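One chain, chain A, appears in both complexes that follow, with chain B as partner in the first and chain C in the second.
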Partner chain A sequence: MTDQEGEGGVAGRVAGWVDSRLGLSHPVLRPVPQYALNPFYWLGALAVVAFVIQGVTGMILMLYYIPSPTQAYSSTQYIFQSVTNGRFLQTVHLYTAYAMIMLAFMHMMRGYFVSVHKRPKEVMWVVGMLMGFVTLGFGFTGYLLPWTVVSYSATHVGVGMVNALPQPLSNLLNFLIVGSGGDAGELLRFFDLHVVILPAVLLVLLAVKMYMLEAHGVAEPTSGASPEAKAKTLPIFPDVTVYVLELSLLFGAGMLLISALFPLNLPAEYSAITAGQATPQPDWYFLWIYQILKVSVFDVGGGLAAALSVVTLVFVVLVILPFIDRGKTRAISRRPVYVTLGLIFVGELVMLSYWGYETPGATIPTEQAALVVGGTALLIALGSLLAYRVLYSRAKVRLQTVPAARLPRTEVRSGLAFTVLVAVGAVAIGTFLNSIVGIALGDYSLASVGLFVMSGTALALDVLGSVYLIYRLDLRTGGIRRKVKALEVGWRE
Partner chain B sequence: MRDAQGHDADESRREFLKIAAAASALLAIGGIASVMKVVIFPSIPANSLSSFPRVKVVSVASLATGVPVEFSYPLDNEPNYVIKLGTKAEGGVGPDGDIVAYSDVCQHLGCNWGYVAPGRSPKVNSSYVAPGPVGYCPCHGSIFDLTQSAKVVGGPSPRPLPQVQLEVDSSGDIYAVGMGPPSIFGHNTGSNNVADDLQGGTLVTSTSEAS
Partner chain C sequence: MRASYLSIQVIFLLALQVASFVVLWVISPLTQSATDTFSLYLAMDLVAFVILSYVYRSLRMSREPSRAWLALGYLTVVVLLVSNLVLS
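== the complex of A and B ==
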């Protein structure tokens, strides 16, 4: 503050000068509520920190890297072998890229689960998704640059996908990322996208998003914030700045430590012969797309377009999500359907990625894929249902016992349901035992494990259904109670 | 506000601005449209060389059974394999009719496939055992039967590999003389017009001695 200038000795005078010139103690940004000083509120900020690390390491790498097909690999090798700490820089650059993608993903999923995408922040969500796509674009364009076996194949797969898109999108994207100059032009464009165009786009989007954040403020906890909690705020400088600096330094130190412990090895240089014998798997963040492409249902003509449509649909749904999930409530306990869908989305991504990692270059039979994808969704849905029952059951709600009148139609329905349950149960028990025997005999194929999971799930559902029906029977009169909740425990008198 | 002649100055100024804005918008749209025209309908540069060159690839004597040799054809950045399969093949040349050559670029998404000898497995997928000489693409598992003009026998590739047409002269030298359909991946992918193979690069004039 200007009035403090000249007080408190030399240090105070210096601080006063800096403060009065930079306006630090008159921050123009909103103060931050106390409850936001929680790492989960800063996942996006950490992704930005990762972006800054990428910028710094990338600029140093850029001094040595030469984007030409004949020199890309040798200059990368030079960085690894001859540049002081070059291998370390390269490692930090790659691992921080991984961290940036993971943080962006966590930021998105957390936002979804605590409903920050809802009114009035729909556009912030859309801008955030665009930033996510740019981040994936960084990964994709960074692939090709070292000109290794995997980078070349992966890039050609990406360009091949672009070619399979409908016109004029295909031509436009081809023009942007490939040009017409063969390998050399393609590499140069990927380099330009990676180091200039994408960073510029990301910075503009970041500025737009930060403006909107400043306009709306950080989200309250899902349980809401009391007026006192809202009033408890901290100024952006120094309190919040110091907090974010601490988090960033911790994150940066972690990245440096991991990079020092697990340095990269440069894969072999590209040639058609080595590429034909290599295992060209994409990096982990594209593995789920890779696995979808390998399902044999897409082996027919036009299958590629169909597979790409599935992937595109996922991305489109993510972008327009705030306009689909428009419920007013933000509480996790009161959005079981959307929370479960989100969990299924994460589960499928993890499952497909791991499966893709385990089965390089092998096509997946359609039935097996359907079984595993469906089984994963079913298991997560069931787990989520159970979790909701356990976590959010309202023990204090008194259930009303419906007068035990004879309800013949209901009885017939219950009888039918019982018959179905018993029949399904018999089949499920048989299949379940069979699959256990199969696994015990050493058949660990995915089909057999999948059958085990599916029949086990069916059996569990069957038992749950039976228990539910039995609970509905009024034992004293033999009638049916109408209002009994699933998984209700104990009879109420 | 009115000027000395009694005109409404603001009114005319507003009219002028409207016309200026509309004209600018028209010009801008015209400019963007002219760029988009190039993007949407790119003019493919006419290649004066419209026929396939005849270039020496390798000699029959230097080929060992089951050892593929890479060569570029018809453009200097398009890899192909020439392989002596050991069993008679469609379009095969040489004394046993078992020497064939194909584009090394998979028709699915443009990866380089690798040769797998009968009874062997590709490095990426040990659960697959080749029933005969096949090409296996390590990216998404497309499989091509190399004895049957690279017919697709597994995996997602929508088309067989383009076959290189070979000729053997009296001294036992093998020449590449042309490509069969479909066009090489990335050259108007999906078309059967082999002339597309000649666009977008430099024609091979002499092939380095492969051994």
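== the complex of A and C ==
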């Protein structure tokens, strides 16, 4: 018996006994800096909590679920209607799956914005991305299991897409998800992947990532940490453990609240009749891919492969990001290009997902897609530019001791003018293109020609307005004015 | 914050947890409304545990528990309790 075991009455003796066996007061994990007691540092940990909740609820559901095309739906319905807490377990299982995907995405984007992917954590980022793919794999394989008409139809669109992928990826994925073929073989393969293979892969990747986190330590704030801040650390047990427990319980309470507010309803069972009436639509986390596939330019022969190449390129860029963004600085204020690109990425994902949700089964004209995607990117880029200019001008104001109130107001006015010009420009370009197409197809009506003239004029005025605004904005620095003057009088700077 | 107030809060939270645990044990959630009741009671239980844990962590780190956070926690407990009563 150790000294600890004999102190502090019964409770102290019990605590001492546990501690002497588990070594909780001498943790092997390194202490955590106090600045890391911030929920944003624990988004990945919360995704793991969601994974654990899914593991527990999934194991109970597995006791009742039968992975066969004839019984999958009825067993799901049985869990829903007849098993005590079955409805609760199924709802929590689904919503924590959604939360896991969302938390993994937020964890990735936070990591991107605060540059945790930079040296020496490049491999850690790559492992994290692989974990993200596995998480999406959970969603894809789990979606089919209830065998509802929506899940079956959407999953088969996904399975069909696999054939359009380049080799050897297509063969590999076919081997993994289709198996011997037929509904029964496929459902069983999805079930195996969902409950055995993917969890095992995720656990291995998690262990590798945790090992690397332990080796590198928690990332410092982007502004750097003072030696005093670095010195203020907390032991992993009990302080950090209790903090993470609090976050996890709050997360659990949030999930329960959401499942009470938005109860789950089981859609109709898949059958040949119901399949004809349903429009295949994937779950929300794949809607952006679905929307890209619906653009008419990808509707021709070989278009599917081209669309999937675009999607694959996005994933490849995300994986190799640490080897592209190699700058040493981590401060958000000094990475305007990468931060803007990240914001555009998030904005496009949200926009495409919402658009995909709102237009199930509809083909999207290429010009419309180009305008919406381009307009979103432009608006976000301008918003980001404005934000950076306001922040920078504030910094300059402090340095130059110019009155602080006036400069940001000018920036806001310029930003608003830019936004109006972009909005007018987007409408003018769309109308102009439409009228050109109409005239080219032989529509010489007054409305068509009138639209052509008006949109053309609006576009020209918009361009002139943009040039004028840029010229006005430049008056303070005089860069453009000097160049115009140089052009007029033939100077050489 | 005086220690006696904290002790009263801790006793209240523990009593609340015992009560909600009994309710959770008794409910047989097969219908949608029973499932909602179960979810909300469990959520309330978890929030109560978070408050307890927060008080413990603050005292351990020799810090005064924030009154604002405590108030927010209790408000959440009350909202969940009232919505449960309305639901049932």
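Assume the second predicted complex is superposed on the first by the 388 of 493 C-alpha atoms of A that agree within 3 Å, B and C clash if a C-alpha of one lies under 4 Å from a C-alpha of the other, contacts with A are read in each partner's own complex, and residues count from 1 in each chain.
Methods note: contacts are C-beta pairs under 8 Å (C-beta built on N, C-alpha and C of every residue); 3 or more make two chains touch, one makes a residue touch a chain.
This is a predicted model, so every value here is computed, not measured.
Chemist: Quick one: classify A:T363 as touching chain B (first), chain C (second), both or neither.
Modeler: first
Chemist: See if chain A has more residues touched by chain B or by chain C, and give me that chain.
Modeler: Counted on chain A, the partner with more touching residues turns out to be B.
Chemist: Quick one: classify A:L293 as touching chain B (first), chain C (second), both or neither.
Modeler: first
Chemist: What is the contact status of A:A272 with respect to chain B (first) and chain C (second): first, second, both, or neither?
Modeler: In the superposition, A:A272 contacts chain B only.
Chemist: Looking at A:L249 after the superposition, I want to know if it touches chain B, chain C, both of them or none. Which is it: first, second, both, neither?
Modeler: Once the two structures are laid over each other on A, A:L249 reaches chain C alone.
Chemist: For chain A, which residues count as touching chain C in their complex?
Modeler: Within the complex, chain A contacts chain C at residues 81-82, 84-88, 91-92, 234, 238-239, 242-243, 245-246, 249-250, 252-254, 256-257, 259-260, 263.
Chemist: In their shared complex, at which residues does chain B touch chain A?
Modeler: Its residues touching chain A are 36, 39-42, 45, 68, 70, 77, 79, 81, 104-105, 108-115, 122-125, 127-128, 136-141, 154-156, 158, 185-186, 189, 200-201.
Chemist: Hey, which residues of chain C end up touching chain A in the complex?
Modeler: 28-30, 32, 35-36, 38-40, 42-44, 46-47, 49-50, 53-54, 56-57, 60-61, 76, 80
Chemist: Going by the contact rule set out above, which residues of chain A touch chain B in the complex?
Modeler: 153, 156-157, 159-161, 163, 167-168, 171-172, 175, 180, 182-183, 271-273, 275-280, 290, 293-294, 296, 298-304, 359-363
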